[in-house]
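Please find the structures below.
Next come two complexes built around subunit A: one with subunit B, the other with subunit C.
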Partner chain A sequence: MEFVFILFIPMILAMIIPIFYKKIPGIHTGWVVLIAPVVLFIYYCTYVPSISVGQTFTSQFNWIPSLDIAVVSYLDGLSLLFSLLITGIGTLVVFYSIFYLDRTREKLHLFYVYLLLFMTAMLGVVQSDHMITLYMFWELTSISSFLLIGYWYKRERSRYGALKSMMITVFGGLMMFAAFLMLAEIGGTYSIRELIANANGMIESQLYLWALFLLLLGAFTKSAQFPFYIWLPDAMEAPTPVSAYLHSATMVKAGLYLVARFTPIFAFSEYWVWTVTSVGLFTMLWASFFAVKQTDLKGILAFSTVSQLGLIMSLLGAASFAFHVENPAETIFKYAAFAAIFHLINHATFKGSLFMVAGIIDHEAGTRDIRKLGGLMSVMPISFTIAFIGTFSMAGIPPFNGFLSKEMFLTSILSIQEFSSFSMNQYFYLFLAIAWIGSIFTFVYSMYFVFHTFIGKRHQDLLPKQPHEAPIGMLIAPAILAVLVVVIFFIPNIIGDTFIKPAVIAIQPFLYTSPEEVPIHVAAWHGFKMEFWLTVGVIAIGFILFKLIPKWRRVYELVPDSVSLNAMYNLIMAFFETGVNKISSSYMRGSIRHYLHYMFYGFIVLVIGTLFLTNAFVLDITKLSPIHLYEVILILVLFAGTLTILLAKSRLTSIIALGAVGYTVALFFVIFKAPDLALTQLVIETVSVALFLLAFYHLPKLNRHEKRIRFRIHNAIVAFGVGVTVTLVALAAQSQKFVSSISSYYKETVYKEAGGENMVNVILVDYRGFDTLFEIAVLAIASLGIIGMIKLRLTKKKGEKPVENK
Partner chain B sequence: MEILMSFVIGFLFMAAVYLMLSRSLLRIIIGTAVLSHGAHLLLLTMGGFGGDAPPVLQHGETSYVDPLPQALILTAIVISFGVTAFFLVLAYRSYQELETDNMNLLRGIDEDD
Partner chain C sequence: MKTNDVILQTTANIVFFIIFLFSIHIFFAGHYAPGGGFVGGLLTSSAIVLLLLAYDLKTISTALPINYVVMTAIGLLIAITTAAASIMFNMPFFTHAYDYYDLPLLGKQSLHSAMAFDLGVYLVVVGVTMTIIQTIGADD
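For the complex of A and B:
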């Protein structure tokens, strides 16, 4: 079987989950759900040996062959690593959620359906080689994440957070889609592998830079980079397993995956290198600084996630510097890509466990507010151990895996100094300072997280519950992750050789051809070099800052909430809601006169503009027919009649004058030799005037004050403009007859073919009989409509004001 | 003659538009009636005024007026009559129900938006 279908196992399981939930209420639905990630994890593990030696696998399902759209599953080092993270952490999260979510109180089937949908979507994102299907899965992650954040949909904050994340990530997704279309236009293929293979020539295209920045917008919104990180803290309203899974380990890394995957295409541009590195570093500093401001445990973790994602992003940027140097394998840049992937794994392990610990505290102590917590170490020793390992790893302290990747991060940033061709030197110290200060604040918030929760005095009066250790089932998943944190520290090179090196070739395919060539050996100790002293500085200054938190915390109050990025987001949303409403209500006034004005102005401008811009106005006076006296008299009568309609004070006079105009038109028909028209016009004008009079006579007497039309200069201008336009069109059309009429055919054949002598009548019932048929239909419909209006009075009831009917 | 008729038609259109922009429903319908007169005359004028005889076969006659625009106008007259009659009854009914024919007062209720 093609392994592309393996992707859809969670989705298929999602279809039957509600049945399980309804039919077998005694068992927690999570146990059934657990099958999917476990099976997938084992399945993807079987690929590890072959991929770690540099093999790749593809599997294809032709979805829309005529449009060249296929679901292509491509497994190489990078996508296998992500697939293992998704299914591995997925297993632990589902296991954790079995103990976290109450079987009787929660709508479990909804939760697990969304979660399984998300799992398929995420696997699709990391394995898709086809850009269109990559986009499809990408949006599916946005949608399932939206559903999961809004899981407790009765809470206002959940709905707000869900909507916000949806707006931001879907905005980025659409931008990314545009980038994909441009890439397909430049490269002539939707396949990412084929694009990478001919990436060299693409930089010359004009669309290249557009595609680059639009793609980065997609990656930055999804991975919560500055300034798009604002959705992530609000997404913490989701249930904690969701936060642990989506918002620390998997979905937010989709943007990192995207950057890593497209590095071989875009890293040839300096813009890519600079944007990715500097946005990543700035995000890291910004978010680590604001993490200390948070009082909610998950809030701290959210900002910490943003900061760590920024760190990984900047490493990916530093890795793409390698595309610009002569012999990158020899230089120290080789570290950056490795460090990025390494830290990505480490972050998934320790952040997942920390989120789960935050969930446990919420579950057992009843609050996540760090101001109410403290001194939980004695009652929750296991949770404390796990949290301790997680935070110390996050802070970058040995013997935990975060230390190794943080050292490599510093090495990579230091290596930028070697890079002279970009006139880097003046920026180098700035980069180093940002990275270093960011690391210090990372240390501070890590300590803040663990010590303010577990050490110190317990405020029993503030806690809603009597805290106690969590059930064993809830502790298993975070404990496994914490064990991994330590294990990875001691065996980094095994992880490096099996998982990271194959991923590095995917990011830097031009430098190495097989994983063995990647010349990196991770060592926990590499002498008294610059990195060491920087780490010592981080710990020393971080410790001092941590001790002094109460003293400098007032810094955060200097910047009021009203100028924050959240406030800006709210302003933008409010602008679109009220501002657009204002704009539309400024011209949609509900008055028919306004709309008629718009239409007539449009008519005048368009027609006169076209006439004169295309030089279509020509006046030809050679083919005119002569003017007779009686025609002039009729014209004068017509003028008089029309003026009377306009100026009459009484409407009765207007109606009579309208009759006069109609009869004059009939006389025109007579002198222009149209006997049938004259007959019809006379009869119909008579009936119309009778109808007008009838309607007028039966009008109720209320407020029927006879008034002249009030003269309005604006109306007069519009009317004059329309009159002039029509005259100009008539003159121009009259002067330019290019083709002779087809009427000669009618004139010749009216008797021979149709057996009639009156040409108009024969045209009406023979040559063009269909017109007449439907004109009869029009009359029938009009008369039926009139009967309906007169006879049917459904809305009018006694005692009810007729105006109010809707 | 055609140029003169073009101006007449322009004048009819102008009057019709002016009437349609007024506040009274009845005047708007009068405006549409005037507009249809203008359109019919425009059709006839654009067909041209050449030809000596009306379009009915006569012995020995060769130069007939173009019959096609006349057929078109005949259709248009009937249709505009049907529509005008419908509008008039509509105006009559709305006057009965809503007790006004002032277009400024005929507005949707805000809750309908």
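For the complex of A and C:
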């Protein structure tokens, strides 16, 4: 089987999860869910040996060939690395969630269905080579993360956070979609690989810059860059396993993936280099500064994630510099792409473990408020160890992996000094200062996180629970990540050779063609260079600032909450909400008659208008077919029936007359050789008359006071207008035929191609099967709507409030 | 109001089966003669409506204990699965397959995956119409 199908395994598993949950309630559903990431992880591991020497794999199936849309799975260094992260961290997170989520109290089936959907979506994002399917998977990650963040939907904050993340990421996604369309316009293909191969000439196009910035909007919103980061802290309302998975290891990295993947296309432009680097650096500084303000453990981690994503983003920007120098392999820029990927891996390990520890503290101590916590080290020694490793790695201290990538980050920023194009070197000291101060605050919040939680005095009276160490099952997943943090520090070059170098080729394909050519060797000790002194400075100043936190904390109060980005977001949302409400309440009056009037008037104006403007009305009497006597009789019956409906004094007569009209129309179908339609029409008439009779008792008496002259004239105009319009269109359509009827095509092909003899049915189920599929879906939704309306009204009648969110 | 419609009820009992069998015939005939899932479904539900008219909602829901919402869901699922199955054979979404077989007694017959799709349509149509009639009918 083609390996493109492999990524749908989680989605297929998601379909049976609800059944399993219901039928076998004794086992935690998570154990079944665990199958998907484990199997996938092992599967993708088998690709490691061949991809680490520079091979790539593709597999595709044609989804909609007529539109040239295919699901193409492309495995190279970059996508394999992400796939391993998604499935690897996914395994740990699912394992952790088995102990974190109580199977008796939580709606586990929903949780795991969303999680599995998300897994497929994410794998799809990183493996898609076709931009349309990439976009589809991209939005699927937005939707599934919306569902996951809003998992505890009864809490108002959860709903707010879910909506916010969806609003912002879907906005970015749409912008990105526009960028994709432009790219396809410029490059003439939807395949990213082909675009990269022809990337050189694309900068000349006028659309290039538009595509560049729109694509960056997509990447920045997803990766929570300034000023779009505001959704990420609110997304922390999700259950902790979700935070660990989506908001540290996978979804927020989709933006980084996008930037990395499109670097070979856009790095030729200086706007790209500037924007990516400076937005990344600024985000890093901004978020690391505000992380210290947070009081919620997960809040600190959220801001820290934003900051670290900014760091990686700026590294990707620095990697794009390499496209603008003469001999990039010899300059120091060669580090940037490597450092970006390296830090991405490191961040996934230490941040994943830290989120899980935050969840453990929440679970065992009952609160995540850092002001209430303290002194947990003695009761939770294992959690403390894990948190210690995680935070020190985050702060960039040896012997943890964060140190290595942080040093490489500093090296890359220092290398900007050598870069003379775009007058970038003039701003070098600004860049360096931002990076350095950002690193200092990273150190500060890391220390703040671990020491305020675990060291110091325990305030037992503030804690809702007596804290104790978490069960062993909950500790396994973060412990594995913590071990990885240390292991990677000691074997960085093995990781580098097998995973990072193949990914670097994907980012800088013009510099290197095979992984061996990437000339990087990671060393923990690299002499008394500038980087070393910068790190010493970070630790020294960071330590002082950490000690003095109570003294300078007041600076956060200088800026009131009302001018924050969040307030702006709320304002914009409120503005739209009231605006839309005003508009819709101006025409949604609640009367079906009004709506029908709008529709019919619209129909008349549009159709008659078009007929006149395009001079389309032509009457060719010679083309009309002769009228037989029995047709005249039927028409007279139709007239009589219609008039009876209008003039009848009782409703029963009207209904029966309506039925008569319907049956006569069915007779017309018989005459014009449409037995299928006639059959359907007959049955529908029967059922609908029966339905009318069912509801008959409950209908109010025909209202005679509606006889006001104005009302009747109004109705007459609408009825007459619609009738005339339809007649004109029918006559005009009959009188001018530019192309021969399509029916001959169907006549010739139905048996040959679809193996059927009844044309109507073959069209319904085969030629236009998609229509039918959607039609029955609409029918099903309509019936659910009717149930909802009637059930809701019933509960209201009993004096109960309608059940929210059920 | 208690009614005693002996004639209507006796007739309905028999006519129900006639309409029902006819609807199945129509459904299967669909691909070669007038008919198909949509009409077949409508006919079936009209047969049930006839029963509803002759008896009342409660009697019928005990005699035919069908959850029509589930029926709709199953129908949709069958339709989507049929459409998606072609992906497994690396064919575009919604590619149908058919072939002819020589069956004992019946002679040369065709089997067509469109049939499965039509079955989905049939179930949805019955499910939806009956859901609507039941909910509105049960509402006082």
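The rule we apply is simple: the second predicted complex is superposed on the first by the 578 of 806 C-alpha atoms of A that agree within 3 Å, B and C clash if a C-alpha of one lies under 4 Å from a C-alpha of the other, contacts with A are read in each partner's own complex, and residues count from 1 in each chain.
We take it that a residue touches a chain if its C-beta (ideal position, glycine included) is under 8 Å from a C-beta of that chain, and two chains touch if they have at least 3 such contacts.
Owing to the predicted nature of the structure, the values given are computational and were not obtained by experimental measurement.
When the two complexes are overlaid on their common chain A, residue A:62 makes contact with subunit C while staying clear of subunit B. Of the two partner chains placed by the overlay, only subunit B lies in contact with A:733; subunit C stays clear of it. In the superposition on chain A, A:755 contacts subunit C only, with no contact to subunit B. Once the two complexes are overlaid on the shared chain, A:769 sits against subunit C while remaining clear of subunit B. Using the contact criterion defined above for the overlaid structures, shared-chain residue A:742 touches subunit B, although it does not reach subunit C. In the superposition on chain A, contact of A:654 is made with subunit B only, not with subunit C.
By the document's definition of touching, of the two partners only subunit B reaches A:646; subunit C does not. When the two complexes are overlaid on their common chain A, residue A:676 makes contact with subunit B and with subunit C alike.
Between subunit B and subunit C, the partner in contact with more residues of subunit A is B. By the touch criterion defined above, A:687 lies against subunit B and subunit C together after alignment on the C-alpha atoms of chain A. Note: residues 675-676, 680, 684, 687, 691, 695, 757-758, 760, 764, 772, 779, 782-783, 786, 790 of subunit A belong to the subunit B contact set and to the subunit C contact set alike, using the contact criterion stated above. Residues 26, 29-39, 42-43, 45-46, 49-50, 52-53, 69, 72-73, 75-76, 79-80, 83, 87-88, 90, 92-94, 96, 98, 110, 112, 114, 117-118, 120-121, 124-125, 127-129, 131-133, 135-137, 139 of subunit C touch subunit A in their complex. Residue ranges on subunit A touching subunit B, taken from their complex, read 590-593, 596-597, 600, 621, 624-628, 631-632, 635, 638-639, 642-643, 645-646, 651, 654-655, 658, 661-662, 665, 668-669, 672-677, 680-681, 684, 687-688, 691-692, 695-696, 698-700, 702-703, 709-710, 712, 715-716, 718-720, 722-724, 726-727, 730-731, 733-734, 737, 741-743, 746-747, 750-751, 757-760, 763-764, 768, 771-772, 775, 778-779, 781-783, 785-786, 789-790, 796, 802-806.
Residues 1-15, 17-24, 26-27, 29-30, 33-34, 37-38, 40-42, 44-51, 53-57, 64-68, 70-71, 73-75, 77-79, 81-86, 88-93, 95-101, 103-104, 106-109, 111-112 of subunit B are the ones that touch subunit A when the two sit in their complex.
Within the complex, the subunit A residues that touch subunit C are 2, 5, 61-65, 675-676, 679-680, 683-684, 686-687, 690-691, 693-695, 754-758, 760-762, 764-766, 769-770, 772-773, 776-777, 779-780, 782-784, 786-787, 790-791, 794.
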